[in-house]
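Naming follows writing order (A, B, C and D), and every chain is counted from residue 1.
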Amino acid sequence: MPEVKAQDQDFELHIRTSFGKQSFMRAIGAELSLVSPGEVGIVLPFREDLLQQHGFLHGAVIAAVVDSACGYAARSLMPHGTTVMTVEYKVNFLAPAAGDELVARGRVLRSGRKLSVCYGEAVARAAGQEKLVAVLMATMIPITDRPLSA
Amino acid sequence: MPEVKAQDQDFELHIRTSFGKQSFMRAIGAELSLVSPGEVGIVLPFREDLLQQHGFLHGAVIAAVVDSACGYAARSLMPHGTTVMTVEYKVNFLAPAAGDELVARGRVLRSGRKLSVCYGEAVARAAGQEKLVAVLMATMIPITDRPLSA
Amino acid sequence: MPEVKAQDQDFELHIRTSFGKQSFMRAIGAELSLVSPGEVGIVLPFREDLLQQHGFLHGAVIAAVVDSACGYAARSLMPHGTTVMTVEYKVNFLAPAAGDELVARGRVLRSGRKLSVCYGEAVARAAGQEKLVAVLMATMIPITDRPLSA
Amino acid sequence: MPEVKAQDQDFELHIRTSFGKQSFMRAIGAELSLVSPGEVGIVLPFREDLLQQHGFLHGAVIAAVVDSACGYAARSLMPHGTTVMTVEYKVNFLAPAAGDELVARGRVLRSGRKLSVCYGEAVARAAGQEKLVAVLMATMIPITDRPLSA
């Protein structure tokens, strides 16, 4: 990927503020671990109430954090005053997710004025070992923040 | 779609038991509303801790319930002694989800020995009105239950 | 789906003109069989040079015609002076495609100012019997035609 | 990605033979440019009869070659006596494809006994410059070759 530059100098602040407003991310215990131009990381400690019927981390939770990482990666390259919405994503689950924590990474493949396309991965960490458990491809759309009064 | 028949006479019991074991479905408050051969419905009341940064239901939660509806729809046509795993899905978010509750439906497009393909939708209900908020296409794989002792 | 209306009264003419300009559609022998507001059909007779290694119609050809049907379905609801581009699609292949002809249908699930979302299917016809061979979900973007001189 | 090894020592011969049987690949002029364990490349010279309505390479043709590259990448890690079928794929088109030739690469993300998952990209080459025009994620299934007589 070519070197990328943020247009919005305060992108990290805006991403951290937006992430903090997502009650669902808070509810599952996800935290931002990396915020850089074109790439964002999220860490999620495993927890008893986030499992599917076989005792592994629920796929929806995995998709949630990878999708979020992708969305904020897209946001990191957008102009000031923009928020990002997920148009769609496709996720493949590669292996059951067990261990200590899930680490998701989202990366921008193309950042456009109308749409951005991102690729994301999630690995499960257990006792220092990492296993790739999911890959995701997403289309994101920038939304211009509406002024509070106009 | 041609008329479909369940191979497993106790499919409803098995689906309800499996659903009950998903701690994540319980954590978000999702409930099975329909279990029929080839089609399953799930209802989710809106809740403060399931939102994204703009105050709408988080896309991950929407995808979670539609994916579950699709998975159990696929399971309803599989033989006794089978569980189902999501290989992959693709979801499009069509409109912000606000209102009283989310209603998801999953339907089997093809039920095969090796793989099943499903289509799902989610509508948001508010004051008796329904709005289509997401569509999902998923590939499911049957897993033969391992005997408890062998 | 709610009843839909075309904004562009000449949508059928514009779709037929655009289709006629696609050298690839002509090369494979695809023809428009239905052009209505929100739904478009394409028929493709099977041919020796469109096969994969097992002698069935190549998946890429199937995806091509369903994607085209979806794109023109989206176009049918867009304003005058608009062309449509495929942002992305996801296709599931359900069964090998053999027979006399492939019939693809594309239908609009949501028509928006910025994006449209479509669902499409392809059936293979053989001796009067139809078999569902592929389903596709696509995101389309309207592009305003540039004036020839400005 | 960890180092990968082919199980089938003659994988390259089998891939080249299979590719040669695809009448559609021959019809569009695609050629294998790389066959290695876990990664396959295909080159397609641009041609007048492979275009969409705006004069760029048709998305279906791009998807076809990336999907093929992914399928053969998956095949390269499968046992002797196996062929591969595409279960599904999702493709994002990132930029219009113009130039001299299209170069597609498919890479295995996970090779399993029941399913493989691949990631692919296509770049358009023009005057020595490369531009990323599409990314694709695919699920592949191994099919055991049926004996000729049984």
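As a working rule, a residue touches a chain if its C-beta (ideal position, glycine included) is under 8 Å from a C-beta of that chain, and two chains touch if they have at least 3 such contacts.
Everything numeric in this text was worked out from a predicted model, so none of it was measured.
Pairs A-C and A-D differ in how many C-beta pairs touch across them, and the larger number is found at A-D.
Centroid analysis (C-alpha atoms only) places C farthest from chain A. The centroid of the Cα atoms in chain A and the matching centroid in chain D are 28 Å apart. For the pair chain C and chain D, the distance between mean C-alpha positions equals 23 Å. Centroids built from CA atoms put chain C at 32 Å from chain A. Shown for chain A are the residues in touch with two or more other chains, namely 87-88, 90, 92, 117, 139. Every residue of chain D that touches chain C in the complex is listed here, in rising order: 18-19, 21-24, 26-27, 48-54, 58-61, 63-64, 67-68, 83, 85-93. Looking at the complex, you find that chain C touches chain A at residues 87-88, 90, 114-115, 117, 139, 141. Listing the residues of chain B that touch chain C in their complex gives 90, 92, 94-95, 109-110, 117, 119, 132, 135, 137, 139.
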